[in-house]
Structures are given as structure tokens and as C-alpha cells.
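Please read the structure below before turning to the comments.
Chain nomenclature is as follows: A, B, C, D and E, assigned in order of appearance, with residue numbering initiated at 1 for each chain independently.
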Amino acid sequence: RTERSSAARMWTFARLHYSMYEPAVEEWNKTGEPKVELSLLGIQAVEQRMLSSFLTRKSGAELMEIERRIASRAFAGPLDGVGFLDLTDRIKAEGLDQKINASSFTPWSTRGRIFGLPHDVHPVMLGYRADMVEAAGIDVSKIETWEDFITVLSPLLYDADGNRRTDRYLLNMWETHMDTIEVLLLQAGGGAVDPDGMPMLDNDANARVMAHIAAWSHGKNRIAADAPYFSASGNRLLLDGFVVASFVPDWMCNVWRNEIPQLGGKVKLMPLPSWERGGRRTSVWGGSMLGISRDAENHDQLWEFAKHLYLSPELSRELYTKGDIISPVKEFWSDPMYDKPDAYFSGQAPGRMYINLAGDVPPRYSSPFSVLAVERLRTVASRLATYAKAQGDATPESLLPEAKRLLIEAQDEVMEHARRNRFITPAEGEGS
Amino acid sequence: MASLAIDSVSKVYPGRVGVVDRLSLDIPDGCFCVLLGPSGCGKSTLLRMIAGIETITSGEIRLDGQVINNWHPRDRDVAMVFQNYALYPHLSVRDNIGFPLSMRRVPRADIAKRVDHAAQMLQLVELLDRRPSQLSGGQRQRVALARAVVREPRIFLFDEPLSNLDAAMRLRTRAELKQLHHRLRVSSVYVTHDQEEAMALADLVAVMAQGRLQQVAPPLDVYERPANRFVASFVGSPPMNFIAARLVPESGGVHTLSTEIGISARAVLAMPGVTPDVVLGIRPTAMRIAPATSGLAESKGGTMATMIESIEPLGELMDISLRCGTQHIIARVASDRSLKTGQSVALTIDLDKSHLFEPGPMGPRIEATLSCASQQHTAPKADQNTSQNTSQNTRSPSHESSHAILS
Amino acid sequence: MASLAIDSVSKVYPGRVGVVDRLSLDIPDGCFCVLLGPSGCGKSTLLRMIAGIETITSGEIRLDGQVINNWHPRDRDVAMVFQNYALYPHLSVRDNIGFPLSMRRVPRADIAKRVDHAAQMLQLVELLDRRPSQLSGGQRQRVALARAVVREPRIFLFDEPLSNLDAAMRLRTRAELKQLHHRLRVSSVYVTHDQEEAMALADLVAVMAQGRLQQVAPPLDVYERPANRFVASFVGSPPMNFIAARLVPESGGVHTLSTEIGISARAVLAMPGVTPDVVLGIRPTAMRIAPATSGLAESKGGTMATMIESIEPLGELMDISLRCGTQHIIARVASDRSLKTGQSVALTIDLDKSHLFEPGPMGPRIEATLSCASQQHTAPKADQNTSQNTSQNTRSPSHESSHAILS
Amino acid sequence: MTALSYAFVLIATLLILTPFVWLIIASFKTNEDFFTSTFLPTNGGIFDIAWDRLTFRNYVEVFNQPNFARALLNSVMLSSVTAVLATLACAMAGYTLALLSFRGRTAVTWLVLAALIIPPPLLIAPGFQVLFELGLLDSLWGLILPAITPAFGVYLFRQSAISSVPKELIEAARLDGCGEIRTFFTIVLPLLRPTVSAFVMITFLGTWNNFLTPQIVMQSPGGFPLSVAIAQLKNTYYQDYGLLMAGTMVSIAPVAALFLIMQRDFVSGLTRGAVKG
Amino acid sequence: MSSAPVATRSHASSRSASLPVAPWLLMAPFLFGVILFTLVPLLSSVHLSTRQTFGPEFSTNVGTGNFQFLASDPLFWTALRNTVIFTLGSVLIQLPLSLLLALALNRPNLRGRTFFRVSLFSPVLVGVVFVGMIFAVIFDKRTGLINRALHATIGWDIDFPWLESYIMPSLVIATTWQYVGFNMVYFLAALQNVSAELGEAAMLDGANAWNRFRHVILPAIMPVGTFVVLLSIIGSFQLFELPYILLNGTGGPQNRGLTLVMYLYQTGFQTGDLGYASAIGWVMALILGACAIGQRIISKRGERA
């Protein structure tokens, strides 16, 4: 049998996190109990080990830092089947729900219970090529809605080599890139699952957004193009100014900083254009949490450690300086470091800008069906795109009915699976 | 050294019955038994069953009285020369020969010594470091032979071990094998198609056909007293000439034998009461040819007039094929350049070297003494004796074969 | 049908020189040439070079005058029987035989006909649907043979095609091959170790040793007029007896021959001036044995007194080994049960069938006529002639071989 | 004919190597260049290529990874042990199924086939459980034991034994006094050499490159092999691609060497001259 | 016991009375491993396939429900279609290439064989993760190597969406790149069983290159050949990691990249229903089983020779 060292094991999947946590863990191990043993695993490995250990109730880690998409997979069963410790009462008791940005809890909540301590907020803005915009003498402050965005920036659309193929587009987004689609859906108040964890694909918000996305990338006047995120070619295209604006959550700043230093001083950030005047100017992308294994002994000590690690001012500072990530803990937001102008973003202070939007970050709920539902949304998007291509000069309006139809279809499919699940009935959803 | 008893053993291949058919054969300790038989009659199969690398469909094989049907080949301690060599391609000739010894944990030095000895005996010394793929056919065969004779097993099995050697080498090796046998006295079963070899080596010759035993006897007896027409025609080359004949009884067991080709003789039968229709068997070597004195000499007794159809010279000897009425007869005589094709000659037959058989390809031999029609004659003692010890020599098999022949 | 010219061809294997060594041989169109030679002397290699499946290290091979060294085997249109069969394991016997035809796009019906014919000729009919793995050794060999003879190639190459067949079958097949050759007249090279076969089939016999040609001549000549001591000892079985002897010159080319074992004779040499020390070669078949009249008869001329050391019976014949002083002599005579081991006998030698050689294993033959010391004698014309046409028959090779022998 | 195959092989090789060239070059590039130039960074020295922008930094970095040496050692250990054991186990079983006749042979053959067609993910969770029950988690054996009996190996050896070991040789060996086991080691294994070396190669590679299982079975980072160490160079937010590529190159080097040593065995005529017929 | 006449006569290839213990001894390691690490887990998955589960303590019997749902599950059928397409693609394109390469490299007179052999094999040396990375770069739309090369040469659409609309073809290309040399090694090893003598005999019999291949080489490599086919069918059916990485964990647009195993993985782990996953696995196993039986039949013929 494996000699289980008395030390509690903690897995993390990000090198950055690992390096940031090490000091905190060391400090804790000086005095605190139990000793914590931090180890770095590939994200795929974390996923499989987490699931294997949950499913077999065997030899997991006491503490697991989990990325959002993976976390939702732990919620497949009945509530008391979830492998993570239910933190709801502790959080409420200690008023953490007030202390921490509300929407940050949602990804780790299912059927009203909270299973993880949030690590971040991850608001989203648009990062755009300031150099081009200004060269064209355009004033982005006029932009409030997506309509504005198009009208204001459309002068930048142009065909460099006159081969009647446009060589610069306004928005970096593509019908196949689910992350950005989800960003827009959430911003518009749509999404994949409702607070009870039930699929909700066929709502108007989703339909509207889908219609727009299809129109933007294949419609009459196309503004969107694909410069893939996290890929050499994508960055190359950004450099070449193939697209003007991209979706930039706080952590993305760090990615750009490291992967495309050449863009330094050429880019700026602006809040997302909203879907209607006065609407929400931001969204959310990515995120992770710290969960405690239900099978661990000494839950309380681990809980203490979790707080020590996540709620410490040091960490919040580390997060921002090393990873451009703003802390979910509201009280730290006053920290002046967030106001420091950033040369990379042409003197803007990204921290502050994100914090200002943090309050508006939309909630996004998790459920066993998240993955399935999101997959369906992706399919809808891509089907709709095909439809748009076929239509030729499609507009959001002309696409709306088809979008609705497809979403309803998708909804039914997902519900098929949902109804199959004997462990989670809608009834139980309301129950808790 | 051991005695081997094969007791009504049969082999059936899927869909092929009677490959070996209820065959019984006793090989006393230290006996050197040569298997003769036409291609495909089951010789190799029999050897492989004795070796234990072919399953026995029915019957028993006993080694010193123990039934070994289910013994693993290793435990039978037999050495075999495969018809197709079966050398280990990845081992040098030396290691090939030494292999069986090293498998039996013989000390290194010993192995080296015995391998060298075997190599000398088979003139493989300068080939010891080659791979089988670098050898000529005959050399491979000698390696296979060497691999068998380095051992001192309880039984030797040789499957045409010399077939690919030149005459000189074959003679030498044959002598070596004979010596070896005299030295070790290991019971051996030896398959060959070379009858001179068989005669030279065998204590006992077993003639097989169609999976059955036809005769088991000392070499000369097989030649001089073939059990049946098959053996007679198979042993001896060129094969015996067969001529249809009739027996007309006379006084006291004496008959007159008459053939359509004009040869007639007196026949004294060992036992009475046989069919009048018989077959006269004459060895090509049991004839003499002389230029016909007159244009056409009249046939009488063992002599007849005939004509040379064709001549095949063979160095010292020559084969002459003659036309006698409807029949062709082959005679092998000392080569004599004066004889020419088309020439008419007088053919004389050694009647006392000729045989009578019942009709049919497997017709058993009729124990009889033939003599020239003219002179008086009675069966001499000697014949009786030898025939005695023949049948004694081959008691159990002869049962078998007679069975075989009748059934 | 084609004439084949091998022009000082050599083969060198990595690290093995002289496998085939500057060998020249002309095979006229339609000639049936039999290759004799000890194991490992390069016969198969030569055949494989002719076939084009072995590279030629140096020299030329010409087919009807065209150099074919670099021709692809397919284009040479030769049919070969491999020493180890090389049958296609996954094809039935029928398809194996038919393969070369179907490769040459012969119409189906035709193939069937010719396959059946070949199968009949080699008694494979009831085996046609088997796989090679289900055949006996001899059956496999016959399939290999059949695969060659279904074709009518420009050249036939046979590498010991009958070695695994029983005597009867071999005789029959030999006859079939002879007929085939008479019908098609395809030039053939035929390797065998069976000298009877060689004699029976060959128009021309080529004797090889150590990669070199020793003699090329019609069969009987090779036997009766061996070019050198090697050929003499290699051809004919049991091998010739060799006895050291001295030549003492007398009047006009006539010499007296004396041996230490007491045999003496008169020798008339075709050409004068040879070393006094020579070797007398006597074929075992060129001797007669009679029970010694007195206890010990004195030796004189072709006859000598000696003692039987051992007897090996071979059916019709028997081999008797005799002690003559220090030497053993093997005599092959008609079997005679009256002779017993240890018995002292008178041995008579057919001097006119004996030969003289220069010393050394390859010592060339000395053209001479031997006769009993007593009676007068001069070399008869006949001998002269035959010796003439021998040397004529074998001009180009005999150059070669004498080369070979001298170098 | 030769010319034809030559052309064919050349083209194939080119196509195969192109991504490699990319990989190799990438391993010498800074992150900046990685993202902005496909092959070599342009506009600079000779051939308009900025040679000076190429760097060894990535390699230095790789070797400076925490317990890199340890990981390398683990990999070598793990891979070689697995490869050897697996080859033995599979060859033995394969030969048995191919050339020995015994009751239950067909059954076992079918078992092999069955094992062959099981989709691995089907076994992830139950397999994990078994490992746990056997207390093999967090030990090298937990990685080795499950890996030494791949059904496909058994089947591979079975098939190649059928075609490359003449049964006459087995018979001869038996007569010469070999037990079945001896026969396997002295006769069969040498004859199967091409397959053996191919299989050793393949197993070694599989283990060498497998980065997932070790992370699931091994609990303490100390036991991680190179593959994991390299995989961990991957970051969640942004990637240091140059580093990754360098890591890949480093992890390839040893196996490449091994392959160079072994590849000769894939081609070596063997059974020739064994039997006639 | 196995040498009892009855027992062996029924046996097509009855060779010898081999000690009954030896075979089991030789197979012991394998049996030990396969029972422990395949059979045992497998049995639990058999049981699972009739249940709907979440972890050990949450599991209810659904009888054949899983299979019924499977039949009507469009995702499953998509996955099956994709997988079959991929399998056909890789078997029909990859293997012939491998064989041809092996044949070419087996020529003794080919200069630089070693170099070619090593080069062709080298992709296997790279872990699948990096294959994913490399091919992400290669298949990129505007900047990808393929599109740019083809655009430059034959004016191919520079925005050709490999990894969106043509995922399976892309995967076939990628796997071919990685495994063509790998299979080549199998074939190279197999080619060693081809008897030179037979080749020579065939030449004399007038067989051209094709016929020699057909009648001498092919039969000799048949056992291994059929094995390689079976293996790559199985391998293709279990395609998982590469698309998982190339499409970062999703099935790609309209699940064009969803393979059976990926779906199995998603349902088994991502929605935690091991029961349904097992059902999928078993359907896969059935399909592959059919192939396996086919292969046995074919190679049986080969073994007779």
C-alpha cells in the first residue's frame, strides 16, 4: 500500500501559480498543520487524477487547484456525490461571500452550493491596435455598443493588395472559437446552463449573439476574422494588424506581454462594447479555484490553509505583478499598484480598468452538462455560420430565426442527456 | 543402446489415411536396420514418429520395453539426421555440431574435442566457422550428419543422410558410419535409396510400400529371396524382368514351367497347390548374352534367341534391352563393344537365380527351385535352411506383411 | 535451344577465393552435359551463375554468342531445378508447376494440359492439390523437377534433381528425361553424384574439382581414359586402386613396369621421356579372383598371390578387400559364397584396363598400353584412334585442365 | 526500378523531415522569433537570415530545470526495464501460441485478441483502482508491470514466429535435447531478432514518450520521468515554445541514438540455408 | 496429455507431444499481466455497462438502457462516422505507403538506407503532444505551412480551414506523418522472412517484379502484414490523444473531430457516467472484434502454407 505521508498534498496545474505559491506554502509549513506538499501536474493529468480519485474514492490529493472547465466535471452526480468539500456554510459564516467578488463564486457552485475558493475574477476587455486607430484619427471613446464599434472602426477595414479579399478586420473572433463566443454570450446575459445547472440554450440572448457572430464573420459586411489565440500564427496576424481588436481578459495581458513583446506600446484596452446602451461592458473568460477533497481528514485545518494561501495580500500582489491578474478580494482593490501606468498598453493602467469592471462580471454557472451544452453552442455557431455563408449577404436580423431554431434543437438534444441522468432531476435542482 | 519395438503403429494426416499403416517392426539392441521404400511410402514419417516429433495416431513404440509414445523427444535420447538438414542458421557450423552436446551440459573441452573429431570424420574442418547459408548442399548435409554422430544416443535415426554426397565421399562416410556402429553398437534406423549402401550397412533390411512393411530380412535374403513381387522389383537395379508363365503339374511336386516367350523349365515347389498362372522373375544380372551362332538359334530350356533393341553403356557394364515376342527384357552384362543394336543374340538365363511369384503386383513369392528342363533336380538343403532362418528372422513382420498383402 | 559458352569464369565469395576458378566450358547446341565433382567443388555455383542468380566475379558467359553476364535471369530463359527445391510454400503443387507458365502468359487451358503431362511423367497426379509442406522429400524434389520441365527453355539446369528418389523411380525419371532431351534437344547442364546416371544421360561429362575443370569428354572416355589421377579415382566406384610403380626403359619406347607388390608388366608409351616413378591405377572391376591353387601361389605378371581381408556382399556383386604387402586393394567381383575372409587367393589383373599416372593426386595420365610381361605386344591402332578422338573431343577443355593441373 | 524507389524514398523523407526542421530550428529561437517567423528569423545576415538571433538559451534552460538529471535517469530506468521485460514476456507468449500445441491454445489466442481490442480509456478508472488495491501507486512497478504485457506485442511475436521460425528447427532442437524453454532462448529468440529489436524500440519509445500515466501513477514529483518534466515546461497562460521545442529535442536524442544502434537488425537475412524444401 | 491421439489429430498443426507445463510457463508473465491489468478491470466495466453511475456509491441499474440510448444518440453516430472515416483513411493510405517504403529500403543496393530509415522513423520519436503542436502550426489557415506552400505553388485557398471543416483528413495526414515510418519497421522486420532462394526461383520462372511481390514476398509477410492491418485498424479506432490536443479537448466544430474514444472519455469522465462510457466501449470492442475475426481467418490461410 502507498505510505500516505501525513503531509497534505496539493496539486496545481500552472507553473506560474506553482512559483507563486511556493513561498506561501513554505511559510505555512513553518508553523501550520498539516504540512502541505505542493506539486505541479499537467492540466490533463490533474483532470484524470481528480476524476479517477473521485470516481474510485481513492488516493486523491487533499487540495486541488482546478481550472474551470475541469471543475464542472466534478459536479456530475448528486450533491453529496461531489468529490469536493461543500464550503458554502464556511464561506457564508465567515462573510467571505461579501469579501469576495460575487460572480467569482458562480463557476464553483452548483444547485446553490459552493465547492471552491475562487482564485480570480478575469474580467474581459477589448485590446486594440491603438497605433492604427490613432493613425486613422479615430476616437474609440465614442464606442458604447457593438453597433458603434462597427460604425466607428469600419474605416479601418481595407484591402491592402487589392485582391478583393479584405486584409484587415475589426474583431478577432471566429465561429469555431468557443471561448470568445461564450464571452459574448455571457456578456449578453445568455450562456449554457442556468443557476440550477440545467441547460438553457434556447434563450433570446443566445440567439441574438449567435446571429451577430455569424453575420460578423460571414455576413454582408464582415468585420470578424480569425487570428487564433495562443498560437504562433495568431500572434503573427496580430502583429501584421490583420485584426484590430481582440478579447483580452486580465491574464491575456500577461500572455501578450510574453508572447508578442513587439506589440508593446502599440496596443490599448477598452471595455467591451455593450449589447444595448447602458448594458454590461465586460464579460469573463477562464478562471480557477482551490478545492478541498471531501475524503481528506482535518477539513478545518485545510480550510485554514486555503484561506492563508488565497486571501493573502502577498498573493494578490504576486498575481498582478507576475500574472497581470486582479485579485477577487475586494479589499485589496484599493492597492495603488493597480494604478501604475503600463508602457505595454501605451500608459494605460490595466489593473484599475479591470477592477472597475469587476463588479459587472456576469455569473456563469457550472453543471454536469456544461461541457455538453457548450459543445452544442459551438455546433450551433458553426451551423449558423454555414447557413450565413449560404445566404450570402446575411445580417443579424436575417439570421435570427435560424439561430432560434438551431438553439431549440440543441436544447432538446442536451435535455435528452439531462433527462437520462437519474441523479440530477430538475426537481432536485430546486430542492437545494 | 536400446532395443526398439514398433507395434502396429499408424499415422493419419488430416484427410490422409494410411500414411503409415499398422506397421510393426522389432529392432533388437545394437541392430542396424535399413529402411527401403519408394518415395512417399512413409519412411520419414516413421522416423519422425520414433523421434517423437510427429504424433502417433495409433499403436505403440517401445524403447527397451517402455512405451514412449508420449515422451518428449528430449527424453527419448535419439539422434536424427533430417532429410532436409534443419541446421540452425544463426549458429556457425561448429556450434551447430556442438549444439546437442552443450544442451546436455557436456563440458566445453569435451565438446570441442568431439566436434573436431566429427568434423575430421566428415571433412568439415575448414568449414567450422561458416554459417549454414555459406555451405554447399553436400556440406550442409554433412553438418547435419555430424550433429547427429557427435552424440552417443540410445537410437540413431538417419533419413537419407548421404543423398547429396559424391560417390567417393559417400563411400568414405559409409565406411565411417559402419565403424562407428561397430564401435558404439547403437541401434540405428537408416533410410536410403542407395541399395549398395543398404547392402553394405544393414544387419536387417526393411522394405516398405504404401505405409506397410513388405519384408524384413538380412540384406542378401531380401535380394535373393524377395517376399513378394514388389520387393523383387524394387530391390536390385535395373529392376527384375517379369514374364507371365504357366505351371503344368507333373509327378511329385514337380512342375513344368512354360512361358510364351519360349523359355521353359522344371520347377520343384516347396509346397504344392498353387495357381497354374504364375509370374517368372529374372534379374537383368542373371542373364548371359552370346552372339547367335546361326542366324536364328531355336529357343530351348534356359536359352532363347532374340534381338538387341538398344544398348546403354555404363562403363564396366552395359544394359541391353531385348525384344522377346511382345515383351521387353533388360539384361545387364559386362560391357562388350562387339555387341551392336539390331544384332540377334542368344540369351541364357540363370534359372536357379530366377523366381516364381503369384500374379498381381504384390504377389507373394513361390518357394521353388527352377532348373533347366533337361536335367533332374531336387530342392537342396541349403535353400531350405536359409528360407528357414529368413522366416524366423522376420517372424512378426512377415505376419504383418502377409496380412498386408492379403487384406 | 542454344549453345552455351563459359569463358574463364571465376566466382569469389567474400573471403573465399577460387570457388569457381577461371573455368571454361563449351556446351554445343542440344548437348546434354553432366557435371561431376566432389561436394563443394563449385557445381551449384556454376549453375547459379549460368542462371544469373549469382554474380560473376570475372569471365564471360555467352548464350549463342551473346554475352549474358548482365542479363536479368528472366531474360535468359533458363529453367533450373534447385538443389534444395525452392518450392512456393503457399501454392498448391499444381500451381507450383504451372507458375513459370502463367508467368509467361501461357493460356490457361495450355497450362493445365502441360502441368498434367508433367505430373503424369513424374507421378505427381494425386498430389496436385497438396501444399509442398504436405509432401515427402522425394515428392518435393519431383515437383521441383516438374516445374522445370513444363517449360521449353533455351537451357535446362539440373542440380542433383534425382538425389532423393528411390532407385526405381530414379531409373524411370532418368529415362523420361532422356526422352525429353531427345524430343526437345535443349542444351542442358546436369549435376549429379550418381555416375550410372551420368553415363546414361551424358553426351559430355565434365569433371570438376576445387572450382576447376579436370576433364571434359564423352562418358565412356572419362571412365576409360581419365585425364588424370583425380578423375580416375573420382569416376567409378569403388574407386580405382593406386599402386606405386617404377618404369625401367627397354628398347624403343617399351618399358618394364614393376611394383613393390610384385605385379610386373610391359608398358608401351605413346610418347617417350617420363619420370621413372609412376602410379599404376587398377579398377576394382578389372580384377579376377580365384582360390589359390597351392597354399601360396607365386606372383608373376598380371597375377599375384594374396589374402582376403574382408568381404562386403552387394547382392549380385561383392567387394573384396585384399592385403598386398603394405597396401590394401579393393576388388569388385561377382558374388561367390565360396570365398571366405582370411582365405588366400590368386588375384589376376586386366592389365589392358589399367592405367599409368604421373605421381601426385592430380598427376596426368600417361598414354600407354600395358600387357603381361611375358607375351610380345605393340600398341594397337584402335587405342591410338580412340586416344586421338579423345583429345580431339576435349581439345579446348583439355588445354584448360592441363593448365589447371600444371599451375 | 532502383531509380524509381530512390525518388520515392527521397520525396517521402523530405516530407517527413520538414516538420522536424521546423522543430529543430524552433528550438533555437527566442519566443519572440518563434511567433513571428515560420522557419529562420529573416532580414539579417547571410541569405537574409538573422543567424545571430538564434540562441542556445533554450537548451541551457532545459538542463537547468529542477531535477532534470533525475527525470532523465528515471526515464532511462523506466523505459529500458519496461522494454526488456515486455519483449521477453511477449516473445515467450507469442512463440508459444505460434509453435507449441497444447490444450487451450485457441482460447488464449482469443484472449489476446480480446485484450487487443479494448479501448484503453475504458480501463482508466478500474485500472486506477487495481493499482491502488495492489499498492502500486507511487512506485515504478506501478508503471512497469501494467506495461510489460501488451497484447499487441504477444500477437506481433506470434505472427512473426509463424513466418520466420521453420518448425523443422524446433523439432531438431527438441531432438538435440532442448526443453521448450531452452529452445525459445537458443533458437527462437535469435531467429526473431528483427522483430525483437523492432519491438524493443517500439516499447522503449512508448514508455519514453508517455507523459500522462506517470503523472497519474507516480504521486511524488521525484519519480517523474523526462516526458513529464518536458510536458511541464508547458504553461497554462503563455508558452515558452522555444523552451518546449528544446525540451523535445533533448528528449528525442537518446531514443534516436538507440534507434541508430538497433535499426541494423531490422534488416538481416536469417533463416536462409536452414532447411531444404 | 496434449499428445493423446484424439486431442492432436483434431489439431491442424500437430507437431509434437510437448510437455503440457512448458507452454503455460512461457505464457505465465503475459497471463499474469493480462488478467490483472486487463481482465479484472474489464469485468468491472462489463458490469458497469448495464448501469448508470457516478462514482462507486452512486450507481443504478439501467439494464440495456445505455445501449438503447446509444442507438439514438446522434453524438455517438457522429463519432462512429468520424472514426470509421479516419480508420479507412489511415489504413488505405498509410499502410501501402509504409509497405512501399519498406520494400524500397530493403533493397541491398540502395545507398544511404540507414539515413532514410532513421529519418522516416524519426517522427515516432516525438511525443504526441508535440505532434499536436507541430501540426497546429502546419494546418493553420493563413500562416500554416501547407496552405502557404500550396497557395504559392497551385494557388490553393490560403484560408483553407483544415482544422475546422476537414479535421479527419488533417488527422489522417498527421498520423500518417507520424506512423508511416513506424509501420515501415514492422514490414522491414517481416521482409526478413522472404527466402532469397524463392525470389531467385521466381526470377527464373519469369516472374516480373510485381509477380515476385505477389507470389514470394506477400505470402512471406502475410502473417505480419495482416497483423499490422489489424493493429492500425485498432489503433485508428482508438484515436484520441492527437485530436484531443489539436482541438484542445473538444470535438471540434460540429464535432467533426469527435472520435469514439474521445466521446467515451467525455461521457465517462467529463459527465462522470462510466456506465454509458462502458457501453460505448463495448460497442467499439464488438466492431473491432469483427475485424479481428476477419484477420484471423485471413492469416489462418497464410499459416497453412
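By definition in this document, a contact is a pair of C-beta atoms (placed from the backbone, for glycine too) under 8 Å apart; a residue touches a chain by one contact, two chains touch by 3 or more.
Note that the coordinates shown come from a computational prediction; the quantities given were computed from them, not determined experimentally.
It takes 180 degrees of rotation, in steps of 5, to superpose the Cα atoms of subunit B onto those of subunit C. With C-E and A-D as the two chain pairs, more C-beta contacts join A-D. Centroid to centroid, with C-alpha atoms defining each point, subunit A and subunit D lie 38 Å apart. Note: centroid distance subunit B to subunit D, computed from Cα atoms, is 60 Å.
Each chain gets a centre from the mean of its Cα atoms; for subunit D and subunit E, those two points are 16 Å apart. Rounded to a whole number, the gap between the C-alpha centres of subunit A and subunit C is 95 angstrom.
Within subunit C, contacts with two or more other chains are made by residues 83-84, 135, 137. Residue numbers of subunit A whose C-beta contacts span two or more other chains: 48, 51, 55-56, 232, 236.
Under the contact definition stated at the top, the residues of subunit D that touch 2 or more other chains are 124-125, 129, 171, 174, 179, 211, 231, 234, 241, 269-272, 275-277. Within the complex formed with subunit A, the subunit E residues making contact are 52, 54-58, 60, 62, 69, 73-74, 136-137, 140-144, 164, 249-255, 266, 269-274. Interface residues of subunit C, counted against subunit B in their complex, comprise 13, 16, 36-40, 44-45, 83-84, 134-139, 142, 159-160, 163-171, 193-196, 199-200, 219-220, 223-224, 233-239, 283, 285, 312-316, 319. Touching subunit D in their complex are the following residues of subunit A: 1-2, 9, 13-17, 39-45, 48-49, 51-53, 55-56, 58-59, 67, 230, 232, 235-236, 239, 251, 254-255, 258-262, 323.
Remark: subunit C residues 48, 51-53, 72-74, 77-80, 82, 84, 86, 88-91, 99-100, 103-104, 131, 133, 147 touch subunit E in the complex.
Subunit D meets subunit B in the complex at residues 166, 168-169, 171-179, 182, 186-187, 190-191, 193, 269-277.
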